[in-house]
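Below: a set of structures, written as structure tokens.
The same subunit A turns up in both complexes below, where it pairs with subunit B and then with subunit C.
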Partner chain A sequence: MLPLLGAALSGLLAFLAGIFEDSESNAGSASNPNSQVQLAPQIGHRHRYFNKAISGEPPANALWVTTAATVAVLLSVRLEAMGTLYSVILSSVIGALVSALLLGLYGILAHISRIASMRTFRQPLYWDAIFSALPLGISFGFLTAFSLTLLSFTAGMMLNNPFSVPLIALLLGITIGSIGSATGDIHYGAERLYQHYMFGSGIPIAKQGDIDIKGEYGYRNSVDTPYFTLRFGAMVTAFAFGLLIFLDSLSRVFDFAGVWTSVIVELGIILIIFIVTVRLEKYTRDKYGPFMR
Partner chain B sequence: MSTDMKKEFTSQELYFIALVPGIIAILMVKFYHPVTPIAVILIWPAFLSGANAVRSVARYGLGTGTASIGYWGTAVGATIAFISQFINPAYNFVSPYFEILSALIVGAVTGICAQRIIKMKIPVMIRDSAILASSTAIIAMFLLGMLTEYSASVTTVDAYITYPLIYIATTLAILHPFNGSMGAGENQRRTLRLSAVEASMTTALFGLIALLFSEALFFTGISVIIVSAAGFVIFVKRWFSAVKEDTYEFAWTGYPPAEH
Partner chain C sequence: MEPVTAFFAIILGGVLVGICVHFIPASATGAMSAATGIATGPSMLSAGAGMAGLLSASYSIDSGLSVVLASGATASALMVALTILSGNIANAFGTGVPPASGQTASGQSITGKSTKDAISGWDQKPYISPGTDGHGMPVQTNFSGLIGAFIGGTGGALVLFAVYTLLVPILRQDAAFTISGFIAGGVFLINCVLPAYTLVGKTEGMFDQKIRKTPKTLVSCFIVSSVIAMIIYIAAVVIQ
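The block that comes next holds the complex of A and B.
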């Protein structure tokens, strides 16, 4: 019963973390769209986006989550007298606060230093562009780190994952960053920054940096972005990451072949996903064909 | 006025500045652990050397590959520092020289692979891969020593729970200074000052980890946090003075003039 509960809880926490992570990266124009925001001043589009160039999403999220989990593990030992559940929750909150502080510092340093390097293209540094978006990004970063720290504890304590909690957190951080970058960014990059181009037309090199810098009213800022991406991009990221973690957790629920059970279940899941995605892509290409102008 | 420097530090100069104080810092922690807060200051140049190696390689147009170079170099350096736990205690005297030299060699080999097999065509690849791996090995060795050398009964294996954080925190501190300053106006002075800021941030984080790791490290943790915080304030002031000289214009709010 406990592994099944652990699998359900893991799926829920992963789904929530997916929403928060995608929104955090979009509130700072991180990852792939960051390249477009970076290029914009070079072709004359001076903007008011938060250029949170920390690194790609995988290593950045790995740092936030590993920091939170390491602090939480060490602190939970000190708070053991409170009981396991309370000590884990309280130490995860404090760990996520430390990682949120780190995210804020890296975010400020990155934005200011990147804008300083745009002197040639006359890009001004707007303080309100960073300080209005930063608290939003930090809040989403805190929630991501908190969710994934709890998920790491769940994997370690309820699903008997053999790795240490900080190592699970590192792997989860890299995974969620990769999924957020691969799945979520399309809905910020292709749908939002390039919404003046037809969706599905791709972004050839000639269009790179020609981003939409004006919003519904005035100039667009990085607070507007999660408002847009929360409707679909964040949900798709959450679905992808939540499903991945839930299916992975299911492999620890069954026991019909000893230690090889999870290997057999994982292989079965991979095979099913492979067949479904190949058939889906074939169906889509046959039905819609290549992009036509 | 731009702050473009007439003369830049070379990778070799910065590596030498990192290597000597770095080895001294590791030995200080190893043989007399109470001086850790002073040794922390000596480890900061290793961050500058690593960040400069990333800058040196990434300036050949790597773009998003900047982060990859950071992982790659730290993966070599930190992994070699971590495997030092398998050294027989009877041969403990070879540490940290063995690890630093090994990182230098393995870093160079990965650089040769990048040049000869992947054909990256970056002339400084071999040299800077070696420097990057060795600089990160120095940092990882120091952080492990800070957390474990306070007692003979504690070994680096006891700190395995901090390995993931040592790896990823060092990676970000090494790759971010150049990645965060990327652009036509990037210059070594501002990038290295940003690296110093992030070096002090990282050691402050490990001061907190030390504080939580063992009750015996309470005062070490507190003093490392205080020294790192003082360094952070000084370095932020130095970095921001470079930012003020380099930035086109500061404004609290407004619209870009030519667009509006």
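The block that comes next holds the complex of A and C.
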């Protein structure tokens, strides 16, 4: 019963972490589409997007989550008298707070440096662009770190993963970063930043940097971005990461082939996903048809 | 596993990780639906898949080498399969484009001048948005990504098991295991980044012309992994 409960809880936490991670990266233009935000002033678009790309999304998330998990592990030992559950939750909150502060510090310095490097192209540093978007990014960062720290504790304590909790957090941080950067970012990079282009086309390479800088109310800023991407991009990220953690945990709940059970179950799941992906490609080809030039 | 075997296993694992990056289709401009492949750098995506593999392999460390390798490989492949499915969902319903291979459409893939997908046989050329190098992950890149993930996951798990074998006689079991995890993660990250110099930020996997550059990666990964294996071997076996 405990492994099944652990698998369900892991899946839920991973799903939530996926939503928060994608929203955090979109609020801060932290991943691949940041190149478009960075290009915009060079082709004459002065924007109010927050741009805090410091590194790839995977190492950045690994840093936030490992920081939170390390602080949480140290604190949970001190708070052991409160009982395991309460000590884990409280120490995870404090750990995530520390990592959110770190994210805020990096975020503000990275944004100012990024914008300062665009001085040649007369891109101003808008204070409102910092002070409206940064707290949102920090909040999503806090929630990501909190969810993943709890997920690391769940993997370590309920699913009996032999790695230490900070190492589980590091591995999960890199994995969620690469999934978030590979899935949810398409909705932000190809659709939100280019909303003035027709739906149903990739963005021509010659048009890159020509991002949409006007929003529903005046100039668009990075608070508007998660408002848009939460409806689809964040859900796709959550679907991928949540399902990965849930299915991987679930594959160890069964036992019909001894130690090979999880491998056989995962191979079956991979085959099903491959077939679904091929069917999806066929569906889109039939539905959209060849590109109308 | 004998210490000398473990030494060579670390090198082999590192080289397998380097090879896997050539098979996993990825491109940063995929985030604008402007290039075929998963929408992030090949190195970072492979790292994510490898870490998922390590995490899964860790559960079966006491079940023997073959189970550890299989667990690492299948979990990495599961991560890539889900990422490809989700990326295609984002392209299909977020951007409104079907998956299409840019290199195949221009007749420059490794299969020759054919503009059809090597596995499904579906024509790629009419489905490309003008001015882009394709979008999404068609069947041939999906298949290549899965093979790459199997190779990378096996490599990462092999390093984990080999380092654990070297460290467990001299450290407490949980300490040996966690340090092995950190080292395996580190070896994976280093060998993931090295192919970036030959792939230059974009590959469509095993049907891309860049697959011909794999020997260059092999040499660099072999050198780097040998140095790491030597350091670990000296620390664990020679100095006691």
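The rule is simple: the second predicted complex is superposed on the first by the 284 of 293 C-alpha atoms of A that agree within 3 Å, B and C clash if a C-alpha of one lies under 4 Å from a C-alpha of the other, contacts with A are read in each partner's own complex, and residues count from 1 in each chain.
By definition in this document, contacts are C-beta pairs under 8 Å (C-beta built on N, C-alpha and C of every residue); 3 or more make two chains touch, one makes a residue touch a chain.
Predicted, not measured: the structure shown is a model, and the values here were computed from it.
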Examine A:G184 and indicate which partner it touches, taking first as subunit B and second as subunit C; both and neither are also allowed.
second
Would you check which partner chain A:S113 touches, where first means subunit B only, second means subunit C only, and both and neither mean what they say?
first
Which partner does A:L170 reach: the first (subunit B), the second (subunit C), both, or neither?
both
Check the residue A:S35 against both partner chains and state whether it touches subunit B (first), subunit C (second), both, or neither.
both
For A:F239, using the defined touch cut-off, is the partner it touches subunit B, subunit C, both, or neither? Pick first, second, both or neither.
second
On the A-aligned overlay, A:G56 touches which partner chain: subunit B = first, subunit C = second, or both, or neither?
both
According to the stated criteria, A:M158 is in contact with first (subunit B), second (subunit C), both, or neither; which is it?
neither
For A:L9, using the defined touch cut-off, is the partner it touches subunit B, subunit C, both, or neither? Pick first, second, both or neither.
neither
For A:L148, decide between first (touching subunit B), second (touching subunit C), both and neither.
neither
In the superposition, subunit B vs subunit C on subunit A residues touched
C
Shared subunit A surface residues [contacts with subunit B and with subunit C]:
35, 56, 164, 167, 170
Give every residue of subunit A touching subunit B within the complex, in rising order.
35, 38, 42, 44-48, 53-56, 59-60, 62-63, 66-67, 70-71, 73-75, 78, 98, 102, 105-106, 109-110, 112-128, 164-167, 169-170, 173, 213, 218-219
Per the touch rule, the subunit A residues reaching subunit C in their complex are 31-33, 35-36, 56-58, 155, 159-164, 167-168, 170-172, 174-179, 181-191, 193-194, 199-208, 232-233, 236-237, 239-240, 243-244, 247-248, 252, 259-260, 262-263, 266-267, 269-270, 273-274, 276-278, 280-281, 283-285, 288, 290-291, 293
Where on subunit B is subunit A touching in the complex?
2, 63-64, 66-67, 70-71, 160-165, 167-169, 171-172, 175-176, 179-186, 190, 194, 197-198, 201, 205, 208-209, 212-213, 239-240, 242-243, 246-256, 258-259
Subunit A-touching residues of subunit C, taken from the complex the two chains share:
26, 28-34, 38-41, 44-45, 47-49, 51-52, 54-56, 58-61, 63-64, 67, 70-71, 74-75, 77-79, 81-99, 120, 122, 126-139, 142-143, 146, 174, 177-178, 181-182, 185
